[in-house]
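Got a structure here, written out as structure tokens. Questions coming.
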Amino acid sequence: MILEVEGVVKRFGGLVAVNNVSFGVKEGEIFGIIGPNGAGKTTLFNVITGFYKPDSGKIRFLGRDITGMKPNKLAKLGLTRTWQIVKPFLGMSVLDNVLVSIYATKGVISGLNEEEAIKKAEEILEFVGLLHRKEALAEALPHGERKRLEIARALATEPKLLMLDEPAGGLTPAEMDEVMEVVRKVRESGVTVVIIEHNMRVIMNVCERIMVLNFGRKIAEGSPEEISRNEEVIKAYLGERFHVRS
Amino acid sequence: MLGITKDVVTEIGKYYLIALILLIPIPLAGDYVTHVTILVMLYAVTAASLDILVGYTGRLSLGHAAFFAVGAYTSTLLAMNWGVSPWIGIFLGGLMASVFGLILGVPSLKLRGPYLAISTLGFGVIVWLMLINLDWLTRGPLGIPGIPPLPGIGPIDFRSKVAFYYVALAFTLVSIFLLHLLTKSRVGKILMSIREDEDAALSVGVDVPLFKVYAFLISTFFAGISGGLYAHYLRYISPEISTLGESIYILSMTIIGGFGTLIGPVMGAAVLSLLQELLRSYLEYRYLIYGMLIILVMKFFPSGIYGIVQFILRKVRE
Amino acid sequence: MVVQPMELLEQILFGLMIGGIYGVIGVGLTMIFGVMRLSNFAHGEFYMLGAYFTYTFVTLMGGDPFLLAPLAAVAVGAVGIAINRLLFKSLYEELKEAKGAAAFYFQDLKFIMLTIGLSILFVDLALVLWGPIPISIPSPLTKHIVKLPGGLSFSLARLIAFVVAIATLVGLYAFLKFTKTGRAIRATAQNPSAAMLVGVNIYKIYDITMFLSTGLAALAGGILGPIYNVYPTMGLDVVAKAFVVVITGGMGNVIGSILAGFLIGLAESLGGLFLGTEYKQVVAFVIMIIVLWVRPEGILGGGRK
């Protein structure tokens, strides 16, 4: 297990956003987290990546306790996230966006020399298909390219585990396929991936195992087929939609 | 080092060489022009140092004059009470300003936007009130006259405006060049990422609090050194140099000049200082025009004088 | 230092009176921050204009400044609306389009610089129109002395200023709480896009908020005019204090600002008594910095971040 989450609880005032959730992610897999709106997916994500401190529970990454560790430390250890609402450094060039990750994780004074750093950044941009835009300001990119820049910037930290928060959100089907292609390539290069997604097509296509959250609790875990046949999942997640339609 | 390549140094360096050549003959224009240029240069360094915070790191500061004043008073008091040579005292004044930068910077790490603006404003006011009230040390509102000049080197006497001018020129070009290199360096890019989005910067491994503190240390250091030079040039200082009005004056140079460009604030310092001189004869309406100018620039050219110059250059080329 | 009980009581009363005025000025400042996210560094100049308008009305029409101050407040409020439409409206529209965390920062910078420009312009305008010499607005009420048991006494003008301040604060609170417009203002402060969805015209709300905010500052200037001197830079002396009140109360929090006004007024008075008058000024800023560091959302929490 590359990531182990044990009994994590996160409260906001009286609201329990994440309630005693435990799961594990195996090295090399693509693991999906789904659930209806407000199920606590993003909160769980923020807890794992160090943006929130859990009220109780333990998180281990590569066997090491990382509960409450700061996000920048986690990125250096090899656990990096992206954002549902993409946060490119709009006023900086695409290349500089990626270089920041390299400087931040490899060191500003030590680390790679400038030529190596730029070479590495360009390789990553090539990998996500953005090399031709490297001189452009990030604010000039359309939404689909910003999503790929977001992934490139995360990859530049050399993650062992990449956590993607709705990487296909707000994309056209064509853009979505491009992003998913990148995600598959990332996994092939040996990086473990955790995805939160709303889009069922994406999740069912790309994930090997899926966990379902509802009202902050884990209600199921298994392969895409198991999940799509699970009674409770259908009731909680898919069911509400069928119910509305019938 | 820090991602600064030789190419960058030569690319920027040539502009500083041109500036040096253009500025060397200034004293030929007489004492008045020399005097005004010295003040412009000291303000230019202060405004450029503020740009590291305001323009590059996205940390608004309304108390920058306080650090200028800390530098000025430190060097002055060291020279007058302990006989420390101003050459060393000015440097120590910069360090003391950085210590004050740390005192303000660390506790305000989590504050953003207007909260930070007002916390820095409050800090500036506190420094001003301290300079006024600790009169056993600072002589209070009367200020300190008779500050020793920079000690002469051989036959050069720095009480002369011309001699001091070249000290100020060297200091200004070196400081702005160093700050300019900083903005092109790895540190500069990391600071910009903090300005663009703190959370995103954290998520890719940037130690955001640490770099914010660096930005405070660097920015206040240069403001402090400028203050020290100012003290040993005018040889009189008073708490007036640390008022909110003075902080706002420096901030408007940075912003009207074009924040986040480093050279913009330098232009801002020149334009606003010259404007002050030109409007001297319209004493009554001086601030009316000054206020109007700030509003017009912010409203129609938010990228500042630097943006306007670039716009004109582009038109000319076409 | 030995402090007489009477002296202490006098300072407490004095602190409460000043606190009421701080409240009126601070509430206006906190409202435009809460509703429009605008940090108005020209707020003090609306206070100054209120005093000069009152003075002008008194010299032109005759009559008591306490009666004419509300009229001056309305006039200054109209100036506020004009400035809002001329200078700020396009910025609200820009921000709606903007994306990214830095957009908010640039917006703050623009607002701060624009209002600093306004502040400089208004101070000089007052200098040109009314001259640099401090004036005082004549009112017969300043000569009436109210005597309290125990030997305490102060002028009727001060008492009226205090009563007007309290009445204004209560009135404002009732307006925000119980009227339809008041509810719309609060809804806009909490969530502008949701307010728009339910049919609130937020630009009208911004106008109203600006009117109230600048009008309140002007009213404070008008009723203090007969008690203190009126001079062009009087707003600069007050604006920093107003921000202290707003931060301490939680930016955007109306009740917080009112309480903070009294707290700062009292702290200053007592600080002056126990530490000496030279440290009176420092007290407010020290309180603010402690609040910012310990509880940046203010004593009652911010209305909007």
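Each chain carries a letter (A, B and C) given by its place in the written order, and its residues are counted from 1.
In this section, contacts are C-beta pairs under 8 Å (C-beta built on N, C-alpha and C of every residue); 3 or more make two chains touch, one makes a residue touch a chain.
All values reported here derive from a predicted model rather than from experimental measurement.
Trainee: Which word fits how the chains touch one another: line, ring, star, complete or other?
Mentor: Topology of the interface graph: complete, with all chain pairs in contact.
Trainee: Report which interface contains more C-beta contacts, comparing A-B against B-C.
Mentor: Between B-C and A-B, contacts are more numerous in B-C.
Trainee: Centroid of subunit A to centroid of subunit C, CA atoms only: how many Å?
Mentor: 47
Trainee: So the centre of each chain is just the mean of its C-alpha atoms; given that, what is the distance between subunit A and subunit B in Å?
Mentor: 42
Trainee: Just the number, please: Cα centre separation of subunit B and subunit C in whole Å.
Mentor: Centre-to-centre distance between subunit B and subunit C: 32 Å.
Trainee: Please output the residue numbers of subunit A that touch at least 2 other chains, ranges allowed.
Mentor: 87-88, 90-91
Trainee: In subunit B, which residues are in touch with two or more of the other chains?
Mentor: 195-197, 199-200
Trainee: Among the residues of subunit C, pick out those that touch two or more other chains and give their numbers.
Mentor: 100-102
Trainee: Please name which positions on subunit B make contact with subunit C in the complex.
Mentor: Residues 54, 58, 60, 62, 107-108, 110-115, 117-119, 121-123, 125-126, 129, 132-133, 195-200, 244-245, 248, 251-252, 255-256, 259, 284-288, 290-295, 298-299, 302 of subunit B touch subunit C in their complex.
Trainee: Per the contact definition, I'd like the list of subunit A residues that touch subunit C in the complex.
Mentor: Subunit A residues touching subunit C: 87-88, 90-91, 139.
Trainee: Mind listing the subunit B positions that touch subunit A in their complex?
Mentor: Result: residues 1-3, 5, 186-187, 189-190, 192-193, 195-197, 199-208, 260 of subunit B touch subunit A.
Trainee: Taking the touch rule as given, give the residues of subunit C at its contact with subunit B in the complex, in rising order.
Mentor: Going by the criterion above, the answer is residues 33, 39, 87, 100-102, 104-106, 108-110, 112-114, 116-125, 127-128, 236, 240, 243-244, 246-247, 251, 278-279, 281-282, 285-286, 288-289, 292-293, 296.
Trainee: Under the touch definition given earlier, write down the residues of subunit A that touch subunit B in their complex.
Mentor: 49, 51, 70-72, 75-76, 80-83, 87-92, 96-97, 99-101, 103-105, 108-109, 114, 117, 153-154, 156-157
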